[in-house]
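Same chain, two partners: chain A is paired with chain B first, then with chain C.
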Partner chain A sequence: MRLVRYLPAVLVLVVAVLPLAVPWLKIVLTVALAKGLAVLGVVVLLRAGQVSFGHAMFFAASAYSAAFLMQGFAGADLAVLLLAGMVCSGTMGAVIGLFVVRYRYIFFGMLNLAFSMVLYALLEKMFHITGGSDGMAVGRPTYLGLELARTSFETALFYTSLGLAGAACWFVHRFLRSPLGEALSAIRTNETRLEYLGISARWILLIAYVLSAVLAGLGGSIIAVNQGVVTPDLGYWIRSGEFVFIAILGGAGHVLGAFAGALVYELVRFYAAAMAADVWQMILGFVLLGIILFASRGIVGLYRDLAAIAPGPRGHREPLR
Partner chain B sequence: MDPILLLLATLDGIAYAALVFLVAVGLTLIFGVMRILNVAHGAFYAIGGYAAASLVLAISDADFSPWLSFPALLVAAAGVGAALGLVIERFLLRHIYAKEEVLQLLVTFAAFMILEDVQRLVWGVQPYSATDPVRLLGTVDVMGIPYNAYQIILLPVIAVMVLLGLRWFLRRTLSGKVITAVTEDRETAIAMGIDARKVFTVTFVIGAVLAALGGALASPTTAIQLGLGAEMIVLSFAVVATAGLGQVEGAALTALLIGLGRSFAVYLVPELDVLIPYMIMVLVLLFRPQGLFAVAEKRRI
Partner chain C sequence: MSGTLLEASNLHISFGGVTAADGIDLEVFNGERLAIIGPNGAGKTTFLNICTGYLTPSAGSVRFGRRDITAMAPRAITRMGIARAFQTPQLFHDQRVIDNLLLAAAARERTWNPFRPLQDLPERDEMLELLELFGLAEVSTQMINELPEGNRKLVDIAVALALRPQLLLMDEPTSGVSTLEKFRIMDLLVEALAVQGVTSVFVEHDMEVVKRYADRVAVWSAGHIQSVGPPDQVLADPSVMRDVIGI
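Moving on to the complex of A and B:
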């Protein structure tokens, strides 16, 4: 059972190598990584005890920014698209954040939902700019100045996403351990005490909000380039609900859980959604209920239980949270 | 602006506000008593609409008197609301009263997702609507403009009756006073021997029936289709948040404000009609974070 401890490392390796053996899996895994980035954004906010039902708006905003950029400057570079997406979603996060960080819990969640519904409606209504519900095509950008063929671009995009996901994991992990991140957890446990320490809870939450918007935006740019088309559906509430669902599935508030959840979710969806398209949301709903009521620590929690049973080297035990 | 358009916008706004109020008041009532924001409320509205439309269509197919469609709307709303409300409160919410607020929100969100697919399975993707009631009531002249009586007389009358009825129920009857007591101070109410669980069940069912009634009354004039529930829960949350969570009378005034704002936008700046309710909400919340009609809660330390 000692193998259990190395499970995460083995999984990362499998994900990295698998597309070499099974090329068509690249697209699915890239989608999973992109969603994982957005879920990571939701996880950052969950650390403060806040849940956003509208994070798909940042996902959609940066996806559309990629589409507009490719429309305006054919042959723009992937790096430019990703950067522009992050700037776009970060700015939007700062503006919306200024408003929503004044609120907690129900208001926080629902105001985010309201903003995302507005964006969705605008994307759908302004068809002369955004192409309405048909969306916009996104051409293939150059990759660091190189014009790649389709398959090699997909491979490059996949490994770029994997690298970005790793970097984001590391960064968010460090962020949550930093004094700023600890203050973020304090918003959940006791906001009043935090304020008595002379720390502005709103300011902390705003920083976290912008970070989470940028993460969601990064995911959105990747999705846009990966699919080659953007539609208002990217910002629909169902998408936001999906992010929250994956965050809870992976293990609320855990960095690696975001990607573990996204991989499991995307692979299951890939095989099952076609068979059960009509009841897909229903299945999600029941699984969500099941996790909340019976296994509130998600996939990461299950793994930790497994690792705690298996004695590691020198009898070290993973502490149960 | 053309005075005729002005009048039309006002009439549209009133009719729309009546429907929004029915949904919003249930949401705010449930929140006041249970401190849970019921995201599944939007699904109650949509399912109420579907059920009512199907029942009315069945009545006209069976060649019964079309006047039966009016009681049919009420029966559908009461049936759907009571059944869904009871099941969800009993089997779902009851397990989460002690949990974190975020988890409560997620549980009702999960219920919403499930119910959305229930609609898809039962009624499919095509829009439903049952126009019999509108046709039967004909039109009335409002200052020279013919407008259908269903929207401008029946809907507002029902909304006002619900408002007055709720006021009377909450202030004058024993059950209503018990509900108010739990809203004001749950712990003390329980200490006095009030069965809070029973109060929760009753409140939730009343709220669910009101939402389903909103949907049923909307079915003659709106196409009931997938996605309607999501729109309605967000809109009625905007109303409830602008009024202040838990405010029954406030919800009525705010529904009117937002309904009129929206219908004027439809005539003046049609691209922005979806934005207006949220702009009103954001404006109000910027200056009064607790809502228009609520008193700010003291910080508990």
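Moving on to the complex of A and C:
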């Protein structure tokens, strides 16, 4: 049972090594990491008790920025695309954030949804610029100045995504423990006291909103390069719902849960689609139902319960909380 | 007592047909403890709400030091040096006692480094000393929702004092607690105010508390001030006893 305590580290190791043993899996895992980054953005906002039903707009905006960059500068580097994607989504997050941070709960969620649908409609209708529903092709960028073959590039992209996911986890974890992060949590519990501490709840939420947009944007750039094509579907409301779904699956409000949820979601989706193509959504639905009914704190909550049952280093049992 | 710290002039505000402030004029002097008494609905909390920016008066002004703070946002007024403790403690219930104070310290010092954990703020010792002053050091790591009501009230006041305000406004700091607890809270409070040199205004219903702890008392009645003065003088007035206490 002691192994349970090391489960996260073991899983990270397995994810890192798996593509070496099963090369085709790295595409799926890269998609999971890209979505995990976007979900991490949703998790940041969940800390303030706010659910965004439109975060796919940042995912899509960043993906399209990669497509436009590759169209304009064929030899652009992956680092430039990732950076440009983050700047694009961050700027967009700052502008949209100025409006949405004035609202809370269902109004916050719906306003995000509305903005995302505006972007979706623009991407869909501006055919001559965005390619409409056909989308845009994204060429293979150079990797630190090197032109890599497809397989090598996919491997490099996977490990880059893994590294970025790790860095994002670390940063968000630090952020949430900092006074800013604690003030963000305080928006959920007592906004009145926050204001009477001289802290602007809107300003705190705006900072978190921009951070969450940047994270979603980073995921969007990765997915664009990984898939080689971007379509308006990246910004559709179903995608936003998917991010919220994964956040709950992983354990709402937890940093590692974002990636645990994304990995489980992508793997279930992949195998369900392969083995039961017509009913894979139903299988995903049952998985979420199971999580909500039997492990309401998601995968991370499930893990914590297991770790609490497992004997500690001196053999004592910690109480379940 | 020397110098005026807060000055309310000709405040008016109504809610529908109810007038909560009808030409309120009041000065709060540096270093004093001013008690506000009056029957329910007289406009006592409304006065605090106006002074802290929660409500905007339809007429009149509030000056803090040399600045007009009428209609300023609560956070702006807080940053200027007016803190508030509430009748129902306003705390972050899913956080620990010490975290509530540290967040106040971070707000005061504007420490927003995203890489520095709240726990590692240099003001941690200062906050523990403040809790010690209130006899709360032992519960510093407890969650707010695990505390009894009396201690929550004290934490609410400690959070306000963590801002190092010049003026502390408190709405019924002893309501909802036992008589013994009342005097314990007030003793600790008065000591903390003296240590920090904070001027205070508190709304109170218990005349014993007012007599013991207030330097001056202002009597509210239907949106206006009936009388202001030292407690022994004001509370000796039969009309005050009749209107406020009902005897």
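One rule holds for everything that comes next: the second predicted complex is superposed on the first by the 293 of 321 C-alpha atoms of A that agree within 3 Å, B and C clash if a C-alpha of one lies under 4 Å from a C-alpha of the other, contacts with A are read in each partner's own complex, and residues count from 1 in each chain.
Definition applied: a residue touches a chain if its C-beta (ideal position, glycine included) is under 8 Å from a C-beta of that chain, and two chains touch if they have at least 3 such contacts.
Just so we're clear, the structure is a prediction, and the values are computed from it rather than from any experiment.
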Chain A residues touched by each partner, larger count belonging to chain B or chain C: B
First (chain B), second (chain C), both or neither touched by A:Pro179: second
Partner chain in contact with A:Gly285 - chain B first, chain C second, else both or neither: first
Which of chain B and chain C A:Met117 touches, first, second, both or neither: first
Partner chain in contact with A:Thr192 - chain B first, chain C second, else both or neither: both
Which of chain B and chain C A:Ser200 touches, first, second, both or neither: second
Which of chain B and chain C A:Phe68 touches, first, second, both or neither: neither
Touching both chain C and chain B, counted on chain A across the two superposed complexes: 192
Partner chain A, residues of chain C touching it in the complex: 52, 73-76, 78-79, 83-84, 90-95, 99, 102-104, 106-108, 111-119, 121, 159-160, 163
Residues on chain B engaged by chain A in the complex (per definition of touch): 37, 92, 95-96, 99-103, 105-107, 109-114, 116-118, 120-121, 230-231, 234, 237-238, 241, 245, 271, 274-275, 278, 281-282, 285-286, 289, 299, 301
Residues of chain A that touch chain C when the two form their complex: 171, 174-175, 177-183, 185-186, 189-190, 192-193, 195-200
List of chain A residues in touch with chain B within their complex: 46, 49-51, 53, 99, 102-103, 105-107, 109-111, 113-115, 117-118, 121-122, 125-126, 192, 237, 241, 244, 248, 278-282, 284-286, 288-289, 292-293, 296
